[in-house]
Structure formats: C-alpha cells, structure tokens
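In the part that follows, the structures are each spelled out as structure tokens.
Both complexes below contain chain A, partnered by chain B and then by chain C.
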Partner chain A sequence: MTHYDAIVIGGGHNGLVTAAYLARANKSVLVLERRPHVGGAAVTEEIFPGFKFSMFSYVVSLLRPEIIRDLELPRHGLHILPLESTVTPMENGDYLAAWGDHDETRRELYRHSPRDAEAYDEYGRLMHFMAQAVKPILGMVPPDPTSFAPSDLAGLLKLGKHFRGLGGERLHALVKLMTMSSADFLDEWFETDVLKATKSASGIIGTFLGPRSPGTAYVLLHHYMGELDGVFRAWGFAKGGTGAVSEAIASAGRSFGAEIRCDAGVSKVLVRNGRATGVVLENGDELHAKTVVSSLDPRRTFLQLLESDQLPSDFVSDIKRFKFRGSSGKVNLALDALPSFTCMPGVGRQHRGAFSISPSLEYVERAYDDAKYGEFSRRPYMDIVFPSMIDPGMAPPGKHVMSIFVQYAPYNLNGGWTDAKREAFGDAVVNTVESFAPGFTSHILHRQVITPLDIERITGLSEGNIFAGELALHQLFFLRPAPGWAKFATPVRGFYQCGSGTHPGGGIMGASGRLAAMRILKDGT
Partner chain B sequence: MNYDAIVIGAGANGLVTAHYLARAGKRVLVVEQRHAPDPSADIGWVPNAIIRDLGLSGGGLRIEEPDPWITAPLPAGGTLELSRDIGRSAEAIGRISPADAAQWPEFCKRMRTLAGVLERLYLVPPPDIESHNARELARIAGLGLYVRRLGKQTVIDLARILPMSIAELLDDWFESDVLKGLLGALGVWHLKQGPRSGGTAFNFLHHLAGSPAGTFRPPRSNVTQTLEGMKRVEVRRGNRATVLAKNGRASGVVLDKSGDTILAPLVVSSADPRATLDPVAIELDPEFARAVDNIKARGVVARGTLTLDGAPSYANLCVAPSLEYLERAYDDAKYGGDSAAPYVEVQRTDGNRLELHVQYVPYTDGTANVQRHQALQQKVAQLLSAQPGQVRLQSPDEDEIQRGATEGHLYHGELTLDQILFMRPVPGWSRYRTPIAGLFLCGSGTHPGGGIPGAAGRNAAREIP
Partner chain C sequence: MSLRTTPFHPRTGPLSEGQAWRRWAGYVVASSYELSHDREYHAIRNAAALFDVSPLYKYLVTGKGAARLLDHVVTRNIGKAKVGQVLYTPWCDNEGKQIDDGTISVLGEQTFRMTSADPTLRWLHLNASGLEVTIQDVSESTAAVSLQGPSSREILQIAAERDLSGLKYFRLTSAKIRGVPVTISRTGYTGDLGYEVWVDAGQAVPLWDAIVETGTPYGITPAGMLALDVARIEAGLLLIEVDYFSSRHALIEAQKSSPLELGLGWTVATDKERYNGQAALDAERTRGPAWQFTGLTVDWDSLEQLYADVGLPPRLPSQAWRTSVPIYDPGGRTQLGYATSGGWSPLLKRYMALAHLGAEHAKPGTEVRMEVTVEHRRKQAKAHVTPLPFFNPERKRA
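Moving on to the complex of A and B:
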C-alpha cells in the first residue's frame, strides 16, 4: 500500500496550489478530486457542442503573482487576456464607460460630472495605496489575539506597527473601508449616481449584502487587489477559460511529482488517536498519509469529513455558525450574434469588456431587497462578458458565448429551488438584459442557468457561496473560519485546511493554498 | 461682564462641560437658543463620576429604571414583559419559547461583559492610535491588557460581535420573533440602518452602557433639568449663537436675534459639529471641512408625546414585533419614505408623561410637510389604538428647523463603526479640539456620542486646558 507524505482533498485551485507547493518541496503528494476533472469552481466546460464556458468563476485577477512565479504557470499554459473596459448602461439610454485608456475614462466621466472626473484620480490613488497596504496581510498568517504565545504577540506587534506606519490619513481611510457601506464610502467621493452604482456593485459580489450595507466597502477594496503582471486593478480572462488556470496549476504540480486522481471523492478522514492518518474514498478504499489537507469549505471539512466527537464542541459550534448564504447565480448563453445595447448600438470594442447592469444605486439596492426576503431579484445586478470576443476558441466561428454573473439569487429561496424556479430566474435575467439590448433574446441558441443550489451540488461549495464562506468582517483574518483556528491547522493533528474558507479567502487567489502549504512544511510532514 | 468661557447649548453635555469649567474656577456663560428648558427626559446612562463630581444627587437628580423595563404585545394576544430580574424574565420568555428562556441568562451575562468594556472606553478620551507619546501608548496597552484579562471569550466576542448585524447576533441566540424584535430595536436606535446591517450589534451594546445584566433599555433621568436648576452657571436663553473666529482663533460668539457679541478666549460648543463649524468654514483646512461635511447624521427618528386619558399599565411599550418588521420599516426609509409600519416605543416618565420614539422617519429636505406629518400621526395613533389628536410628533426635518441640529439627528452623528472612538467627530480630531484655537466641541457629535448624557461633556472639559 502506497503511503503518501500528504493527501489533498479537493482539486480546486487552492488544493492544487497546496499540492504543487508541497510537491515542489519534494513531498509525495496525492490530490483527490470527486469530479472527472480538476478545477472545482474554476473549470472550463463544453456545455453545448462547440461552446465552451468558464462555468462558474470567469475572471482572473486576484491570483497571487508569487504563485504564478513560483509555479512558473505561464510555462504550464497560463495566458491571461486583458479585459479592459466596463460599460454600464443607464435606464435613460445613456451609459457610463470605463476604458482601458485612462484619459478616455476621465473624459467620459467628465461628461457626467467634472467634479467626479477630478475626484476619480485621487480616489484611484487612495484605493491603490490601500490595496498595497492590505496586501502584506493577505500574505501573512493571522496572529491570534487571544493567545499569549510569543509568536502571536510578535505577530500582533508587527501588525500594529504596519498599520501605524500608514500614517493618520490612510489609517482612517482603512478604518472606513473596513466598516462602511460601499454606498456611503462612495458618497464621500462622488456625486454621479451611476458611477457609484457600478463601483458599489463590485462591493457586493459574493455577499448577501446590498450597497448600503456596512461591510461592503471592504469587498470594494478586496477587488482592487487584483494584480496582473504587477499592474493593479487589471482583470482578465484565462485563455481557454478559467479551467486553464486550474490546468496550469495541476500541470505545475505534476511536474514536481504530484499525483492527481479524479473521480475519487473522499467520504471520511481517517483519525487514529487524535491524529489524521489518511482518508476513506467514496468507493470504500483507504489511502494513508502522514498529513491530510482539505481544500473543501469549513462546513464540509469539519462537519462532513470528520465525526463531531473528533472535534472540540465549541469549535463545532463555531463552524456551524460560519455563514455561507450563497447569493449569486450564473447564466451561460450560446449566441448566434452579439447583442446590441441601446446605449451603445452595434457591435464593437465595448463587447471586448464587461457590461455591468447596475444603472443606479437604487436599482442594485432593490435587487438586494428581493433577496433579503427570500426571492431572486426581479431585476438583478449582472456582470456580463463575452469571452469568445477575446478568445475565439471558446465558440464556433461566427458564434459567441455570453457569461452572465447574476446577483441576487438566494440559496434559501422561499419554497426552495425547483426546475420551474430556475427557469423563472433565467427568464428574469434574460428579460432584464433584453430591456437594455432589445432583440437580444432572439440570438440565444442555448441557455444554462445555474442557481446557488446548483453551485453547491456541482462544486460542493456549501450553500453555493462562491467564496467558500462569506467575506464578512466577522469572518475574516483570525476569525476565518473560527477563532483560534485561522492558521491552517485544525484540532486534529496532521489534518490541515487550505481552501478559500481560510484566511484570506475568496476569488481565484490561491493565497490560502500557498499559506497552508508553508504552514505544513514548517510543521514538517 | 467678562467670561473665561462660553458654552454653546444648554443640553446635558453643554451644561456638564460648563459645570466642570465653573468648578475649575472659570467664569462661564451658557448660551441656548430655546426659550424654555426641554421637558423631555434624558435617555441613557449618567456615569457615576459625573453625579459624584458635580454633586447631582443633592441637586435633585432622579434616575428612573422601570421594572418591568419593557412590555411587548404578543401576536396571539397578551404581552411579553421583561423584568430587571433575570430569572423572572426567563420565566416570561419560557412561556413563548423554552429554548430562548434557557439562553437568556448566558446572553445577559455575555452582553454585560461587552458593555462593560465600552463603559471603560467611554469615560476617557478615545485612544489615539497615531500617537507616539509614551504615556498614550502605555494607556492603549493598558486597555488592551484589561480586555485580554477578561478572558479569551471576551476578546473573540468583541472582534466578532462589534462588526456584526444585530439580526445575526440575535439569530445566533434566540428563536422568538417578539424577543428578537424588542432587542433588535435597540440596535437600530438613531441609525439609518436596518437590523440586518453590519455594526448594529455595536449600536446595541452602546445602549447597554450603564444598565445591569438583563436590562436592555437605558435608564431615563432629569440630568439636564438638575444641572440647570443648580444655578451654578449663568444660562442665557433665546438666541442662537454662532462662533466668532478670525485668523484661526476663536474670540467669542455672536447672538442671532439680539446681535450681541460676547467675547471670551474659550468657546466650547455642544451643538453638532457641522452646525458649529459650517459658519466658520472659511477658517478651516478644506480637507477638514470636507470631513465635517461627510459626517453621517441622517435623522430617522420622530420624537414626541402621547396623551392618554388615564395612565397606561406599561412603563415602556415596544411595537417591533419581529426583526423582519424592523427591516421592512428601514426599507421604506432607504428610499426616502416614512416606514409604512414604523417601530414605535412609548416611554412613561415618572410624571406620567408619555414620550414617543418613532422610527423610521427619515430626514428629507429640511422643510416641514403637513400632509406627511398628518399621515404619520395617524399611523402611530392607529398602532397604539389612540386618536390622532393624542399623538404629537416632531420629525427630523422639524427638529432641524427648531433646534438647528443638522438633519435632525439627536446624536449629532450616527453611531456607526466608522464614526466612533478616534473617528468621532472626524478622523484624527477626536480630542474635542478643532483646528480653530480656542474652539472646542463637547456635544454628542464627539466621543462617546449620544445616549450617554454628559459623558462627552465631561471628557471634553477634562481636555480643555
């Protein structure tokens, strides 16, 4: 029987990153993936013949540059195509556009408000700086403020020094970003409603909060941390879809000697005398390893892979309290022609970027109100991209794929999700797009509607939360996923966690996977 | 007559500052725009230090701590009454939810511990986290150590609960809608936020300061009346005062009606920061002026009185039957309208005066709207089974017109996490000073904010040289 140094449960991007780093340190590593291919929520699938979709996660930007470097991902096929513009259609037929060319964006803003065009640069500088200031924290193992261990005290001191080093003005900006609603934060800067709406929309992604809910300003910043080739605030597609990112990391892992087994779901972690010794597969096979690492979300990691008597009871209740509340869905469409939007008719460079359906703050807030009371948004917030415009391989010649990220679609829908409800949700999405791009519906060849329940069923992410646990202030840093257990270790010796449900979490970032691998190597497998 | 100091506003904070300054030997004049003292009760904890320092007990201070402290109608008829005695409350809760009754004692204890941490922070100036001063750093370290000594659970609770929404916090503990509604209401007091908004758990804890475990409504008192009645400082009524400042230095105030100028080397304003500083904005750095303009003080509460034929059976009635009721009330305000079904609380003071707190009635444009006023009166009367004529209300707009409080916000700035401690009233200026030499702030707009009458006034007085 083979005995591995480490078994990684789950072949999503974080699991693969952990495996690759462990293999790179000459450990024998086995990755076990339940589905027929790796990637988790970062997968490309040919859903309709000839049409390929980044089924769930569809943009790349948060992936840590040190991971790209350490694992030499470009050599393994990672190629990012920049996504430059965002057009926000307004209900009055006008639009607000942000282009790749900074001066053009300023001119466009000036059209709406000279004051905002002025403030925009200052705002950008501040956010850029704040993102820089927070970045070191993403790469840091969170110190535990309740512990008196020297390493924790040193960590806290270092953190205190780091923050004080920012200076008053920036420190205050940070406090505001951590506590305010994105709408209130943006109100301090801008007067143009549609500008605030489209900016605040990035503050609600993946959360069960509206733009007026405190805590959303932080998500605004989280999305500013995107970095491609060292350029801040750059978003892009992976050539071949998001699945190509997972494939590249998997390929890097294999090149270091990691073994990846698909169609191999894990049902339990084996624990002997308080120590993890391996896993049991769904088919009953047992595999053994010195270290077991789970990249699944905290709920599945602790409440499903382990028995509750293997964990301290207060830890179990902390994990049970960890909030998921998936709020987003996805609609993937195969088109025979690109839609023409009323605000910017025809087909052109606007289709190479994103369309944000966030015409006003009130529109987005009302979309949230629906979800708050258990309904999907009748007129949802949407982020629309056409990957086939930049990566023609995604669709047959002359045809296109359209990816629509939709919010809000609550996991706990009144009466539960049914096939009929799913289609009604799909209709709401299509009808809303139609209202901004008349005639669009007639170009739809195929449609795939994904609800949070579908996300949960397919990827295993609890309640379909795309961040493997809400990015709320009380679920971040030393509280992610539970106080005292934010350093990738778990109450079971030899058992670690490395998914997005751990610090810093969220997005295709890989930081959790990397930090977990560092921790495991430090502890010695 | 020459004065050493002029205090603007004869509310609790203004008078407390004036009394402390007088006690330190300064000749103090308080200027107040209202002709007659405000008869409404002061709501909130009056810290013992103030009572002791200013000898308020001898001045006729009355603190009311009603028992039971809340009465809430039950949907099936009858009421839920919660008492100061934790066991009795648990018994009452047990009749609607045994599970909640079991949770009650532990919930009361945990919340009390956290409120205790706030009390300690509230009686001193906020920590200056930018300071390089060894004494200040030692003080901050001392606060940190104090919190850690309270135990691991308290540290975790503080970090977890403060940014939470009150709805999440209560959902963690309880199942009964009525119980969560009456507790959740305290979390949204004077906030343009609903119970599902982050930071409302902090607002909840803020309003627990000074109350014993198991009581979730602040005490009421006559502290303002007591201070004025003690006649230790001169109060001149009937004129609104504007700060007089030139070349970055305050020199006194100008009275609006009489046109009099009163000079003094020290001016302390208990009016809200925006109302105080806007008239002298020309003296301010634009960044600072912008920060003052950005203070969120969105009034959402109509206050007033209810006149009934006989004394009611309750001391404090709460109409907020569930968290969803509160959230929907907020939704209306979010888009600028009054709540179709507002949260209403009736508080009986010991003179059998019934005071109303109606939320959400958002500030609109600073004008009084008769139609809107009548509709609101009718709605509230209906909720309380009274006649519209028995309800008298003042909306935030009307409050701004009458008292000049910016956007009619009682606390001069919402108690949200970005507007407390060293962020209050504006980031970096939490030590009661302003960029104008000789001009200080001492009102609810400063740390620790509204709902703790006199605390800001006392902290300010101790910072004034």
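Moving on to the complex of A and C:
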C-alpha cells in the first residue's frame, strides 16, 4: 500500500502508542523508524555478549494503565516488576534506606530523626492530596487559556472547578509546590539532610536545574502519582528492559494491523496547500497519507521535517525558544559480581532496589555547580539499579548488569564532547561509585558511557534531553511545546505531534501518544 | 506446633520473615516468606517460584485392577492414558456432583499415583470391592515441590543433568537430582511453564537444597500460598471449598456442583463405560448445565468512579479474596450468580474474578454488575464475562 490513513514518524514508545490506537480504530497506519529497531530511547540492546542494557530510559514511570489495558500489553509480553527500595549511601559510611514496607521505612527514618519519622506520614498525606489534584491533568488535552472556543472554555471551567474544589489549604500547598525549589519545600518538612537530598534528586532528573532552583518542587509529586496507582504499580522495571515495553506496544500495534518499517528515516513531511500529504524518506521514496504524525521532539518536528515558510513565524520562534539543555548521561556496566557497598556490605535485597548517590543536599548542589559552568559533575548524582537482580534474563546466570543514570553531564560541555571527555566522564562515574563500594571496579567486564551528545546522535533527541524538551514549568501543559499548539495539532493541517515534547511528556508514560491519537480520531482522519 | 510441618520445613521455616503460615490439610505451609507476597508472585511469571506442595493427599494405586478402579471413580478415561501421562480430573458421586479434583499420574501399566485435596482413601476402598488392587496412602511418605515459571525448565535441566525439552505438558519422567531419585511431572497450579517434583520424604531437604542452589543464579524464589492464589485465578483454576463445595461436605443440594457446571466438561469422558455419576452427567449434558463457571473482568472506569464519588482513589484488594460476592444484571436488581474468588492481577493490570453464573448469562462479553464495598457502603461495579483463563502464555505448553 502506498497510501495510508496515517503515517507516524518515529517508532519510540509514544509513536507506537499513537499508531496502535489509530490501528485499533481501523485506520491503516505505517510507522517509520530510522533505526534498525523500534523503541527510540526505550530500547534494550545487547552491547556486550550475553548482557542486555536498557540503553537509555531504564524504568517504566507511570505508563498509563488505560494503555496497558486498551492495548492488552501483557498479552504482548509486557511485565512490569516492582522496584521497591532505595538506599542512599552516606559519606560517613551510614545510609538512609526506604523499603517496600512502610513501617520498616519509618523505623529507618527514626534512626536519623524521630521528628522526621513522624513528619513523613503527614507529608505523605499532603502529597497524596497534591498528586490527586494534579493527576487528572495527565489525562487531559490542555485547554488554551486565551481561547474562547467552547471546548477550551469547558476545559478551563472543569479545571477551575477542580482546583477550587481543593480548598484553601491544599491549593496553597499546590502553589508552593509549583513555585518553590525542592530543597526549600522539603526544608519546611524535614531536618534530615540525606532524606532531603534523595527526595529532591528526583526533582532534577532531566532538567538543567539544581535542588535549590525554584520550580523543581513539583516533580516531587511524580513519585506520589505512582503511589496513587497503588497496586497498579505502573512504576517499575520492565522484564526484558525498557525495550520490551516498546516491543509490546509494537506487537499490539501490529495485531491491530499497523505496519512498522525500520531503517526508514524520514527527511521531510510533504505539504501541499497548507496540508500534510505524506513524507519523503531519506532514500528519496515518497509515501502518502491523509494524516502525518511526528513523534520526534518539537525542534526536529517543526524545524527539520518542515520548511520554515510552511509555518507561522511567531510559532517558529516559539519552537526555537523551546529549551532542551540535555543534562544527563548514562553508564551501563556488565559485571561479573555485584558491588558491595560500605554502608551495607554484602549482596542482598538492597540490590533489588535503587541506590541513590545523593548523600547530602550540598553534594547534589555542587554537582550542579560543575554543570552550571560547563563541566560534567566531578562527583555526580546517580541513580543506580541492577536490572539483572530483578529480571535474571538481563545477564548470563550469576552475572549482572548495572545501570547508572548520571547527572549532570551538560550537552554544551566546555570545549565540546570528545571521545577523551566521554571516557573522563565515565571515569568520574566509576570512581565515585568506587568511593562508596570499594573494589567494585575490578568486577567491570564492559563499560558503555553515554553522553547527551550520544543520546542525540543515537536517538535523535535534540541536545540529548531525555524528555524531548525540558520538563520545566514554563514548558508544561498548555505551553508544551508552544502556546496555542499544545493540543497535538500543528499549524499544518493534517500534521500532528505525539511525542514526549507534547503534554504531558516525560518518561515511559505513553500519555502523549494516546492523547494525540484521541485528538486525531476526533478530528476524523 | 500441634499441626504438622512438611518435610521441607527445616528449610522453609527459617525463610519466613513474618511467621505467616497457613493451614493446609493438617499441615502448616507459608502464606508468604517475605512480608509481602508481591515479589513471590512476580517470580512465578518472571523467573521461577518454588512451592512446597507436600500437604496434598497422595495415593499409590497398584495392581491388575488399578486402572479399572480409577476409571470407575474419576470422570476421565484412564484406560486410554499412556504410561508417563498425568491427567487432571474431577470425581463425582452417583448423582454426578463433584466430590474433589486432582491428578492421576500413570507411573506404570499397573501403577498410578492419585492426588487429592481431601482424604480419598475410604472412597477408593469403597469402589474397589472385587478388584485386584492395592491402595496405599503415601501422603506422608511422599513430599513434593512445585517449580513454576519461565525459568523452571532451565533450572531443572541443570539440577537433573538432562534435557527436559521433550517432556510435554502433563507428562512425567523419573530422574535423579544430585543422586536423589525423583519423579518430575510437567504440572502445576499456576497456568505457566512449570514442574512438580515428587520425592521420598526422607530426601526432601537435599532435594530442596539442590534446586535452590541451582536456581539462585536464575532468580528462583521460594513462594507461598498468597502468591499462588493470584496465579491460579489468572489461570482460571478452581479451588475446592472456595470455588465449589465437595458434594460430600455440602449440607444442602444447592451447595453441590457438577463438573459440567464448573467448566470441566472437557474432563468428563463420553467414551468409557460405567463410572460414578455417569448417568446423571450424561443427562445433564443433554439438557445443558444450569450454571457456568467463568471469568469476570471488573470495568476499571466504573470502579474508579465509585471511589471518586466519595473522594478517594480506587482501592484494590492487595491479596486475592475468597468470599462469595453477588453478581447482578446491568439493572442492578436481579441476581445472576456469585463470584467466589477474585483479585487484582499485577501482571494483566486487571481486576478479575471467578464466578458462577446462570448459564444463559455466561456468554463472553455479557455485561453484569459485581457488588463492591466502597467506604462501608455496598455498590455495584460494572463487569464483563471473560473467558478463562485470563492468562495463558504459550510457554505453558511449548
């Protein structure tokens, strides 16, 4: 077939979700992926024989339960496994741990501060309310606050009613969350530095901000949104790595009749009389469709796939202003044995959860200081997991893979990234881990270091931003990716956007892809 | 402890973090070893879970008349079974009402091992008069573990030092694990790839050690009954005294069920003569069973709305439940049946239940209402009839 109802550009998880939903609605759909396999930044690759790495994205965060159900993803191989504990090694040899069991966690916190142990429950309750308040927004097409269109007004009215319904106290807390730095917000609740450091670290992931930067507090909510899902457990580790999530969505899409073509990069979107009519592949082939959907980030979607004269100039400048600023890297290791951490020697259940290298607020803020001035952090913040401890199939029996998410590694490094700089960055990561787990280095069989430049080169994400555009307040909701164009449509008729650069973005959530598909179906492709 | 412990207790006892034990046929077995059964459940679907299933009643039936006895007792055709085969089967009273269900392993031409949930020795003897047959209760002398999950074959192959890829679903073979003679059957109660290993009780501990040591690099996880309960609901497998009552324990007629009503029609042979309940079952098959045992999927949006109405996020049972829950028609007034087990499937992200519905309401896709209690108040959530099993991976039979 050369004429499709819809062509989806990019086989990342959002593109695949859009394609699957469109195919499910009996549309003829073609997905075009530049790389040899689908997944985008959610891929599992065997970089070293027998060892499988979730190369980039490594946990499933808030994958929408309705997507799991609608697309019957478990039938297509999706299995999300719990990732329950977090251990933060401290520089004095002690640690702070959060376990799956609530009482055990509270008792552990009590060891550090009896006061904080009690505050923890109260804080949890408030955050529960906040998450409940914000969660509906994730599943909502953002209304345009400047529009008088009935659907926008209805959306705004619903939103206004929703927030008014929160009552004064909770609304005030929500405003604080939306404006404060995570460190300041946590200061209002806790005295234990390592607790604040570990909690605030989750607020800086994927942004070029530090724990003391205003606007980082609201990300604290993400964790609690996961908890709202409760036994849903949409937060965890995918069996087979994150690539298995993409494969499951792709398989679901195919079962509904979607066609997925790999090694098929798109160079341009064909536009005739202000309307998208198809795409031109990198090899020059032309394919035609009634609707074209881009899952690429906003910069590539609008500035690369289209000519700038096909778009209004103020829109083009908005897109040019959209911030990426990749700030994170990844180090994936193949190990012949698990590291033993000084703070909790030996191998045990701690290896089935995360290790957070965030021993103090100062440590994390200093890591940011390096990045502010164009260097990678000499002692970075790290989120470490051992996927083979959760899914033994990720490594040969008895061997392990270690996934280290690292921040900060600025895209615009002083002097630019080179092979030597990449290795120096890898060394900084390994040496920092070694300082908390002496002897660990000798167990490394293979090391893969990924800089933001590598992320951009391999996945196409501009400036290596893992969220296809910074998840900062000024780039969220009706502002994502540009004012007036947050509803998945674009100034070009028949051309839509469905990637993480649209609302709500972020993580392996699939919400952007699903909402985009809904919009396209509503518009009647 | 006045209840008995199983032959594996020297190993399972110290594993129990919360001392959570459950009674099973006069024994204690672990509800869960860890404080939560979560990880044990996931091991079933992700790696391999190891269950102690020793409390099952086990009988060794031998002699010239052994096959004839069993054929007379159970509904499946034992005469047609081959050596090395395992049959899952119910057995009934003379009115065709189900007494129990279990497995029959064909160990030799004249040697069979039968497992049951309830004591069955007397029933076998009652049916054996005039037959040349020996019936031995080997419940205590035979111990068993069940290894279930995608990695189970790999682990057992290494432990038994032999290829098991030729061992088909519901077949058995004898083997040695570290010198210990065992029978390995490709059976289980999870609906997944899995095996049960039968061993002399005196050799139980060395067998446990061998399997656990071999399985550790593959993520083997000792698991308890709470995890098993979730998996067996996903697999749509019945549990006696929960999903049905033994006709021998029922106090009123309405408490009894026939295999045809329990979705076990496939186990009721039409090609053999003279077995307990035959006439009644033949008649019932002709007129059609009054009840159907089926799956239900609770509609998520409907449940979420019931909770949203009181300002709460939806709450789901963290363990499988085993109570009787009324099922109504979409109008919410007429009761169509009742659910007997249910729970959240962490794998499928679905709230599932096993239910008995009037046969005319049991067509897949039929919309019904299930009673749920939301903040102390009885409500009804929308649900749909879903064919069983909920989860049926290819690897189960592959």
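Just so it is clear, the second predicted complex is superposed on the first by the 514 of 525 C-alpha atoms of A that agree within 3 Å, B and C clash if a C-alpha of one lies under 4 Å from a C-alpha of the other, contacts with A are read in each partner's own complex, and residues count from 1 in each chain.
Everything that follows uses one rule, which is that a contact is a pair of C-beta atoms (placed from the backbone, for glycine too) under 8 Å apart; a residue touches a chain by one contact, two chains touch by 3 or more.
Nothing here was measured: the structure is a model prediction, and the numbers come from that model.
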item	value
Partner chain in contact with A:R321 - chain B first, chain C second, else both or neither	first
Chain B versus chain C as contact partner of A:H172, first or second or both or neither	first
Touching partner for A:G398 - first (chain B), second (chain C), both, neither	second
First (chain B), second (chain C), both or neither touched by A:G100	second
Touching partner for A:H79 - first (chain B), second (chain C), both, neither	second
Chain B or chain C, by number of chain A residues touched	B
Overlap of chain C and chain B interfaces on chain A (superposed complexes)	none
Contacting residues of chain B [partner chain A, same complex]	129-130, 148, 152, 155-156, 159-161, 163-164, 168, 172, 193, 196-199, 294, 296, 324, 327, 331, 334-335, 416-418, 423, 427-428
Residues on chain A engaged by chain C in the complex (per definition of touch)	65-66, 68-69, 74, 79-82, 84, 100-101, 104, 132, 228, 230-234, 239, 352, 391-393, 397-398
Residue ranges of chain C touching chain A (in the complex, touch as defined)	35-36, 38-39, 42, 45-47, 151, 217-219, 300, 313-316, 318, 344, 346-350, 391
Chain B-facing residues of chain A, complex	145-146, 163-164, 167-169, 171-172, 175-176, 178-181, 184, 187-188, 209, 212-215, 321, 323, 362, 365, 369, 372-373, 472-474, 478-479, 483-484
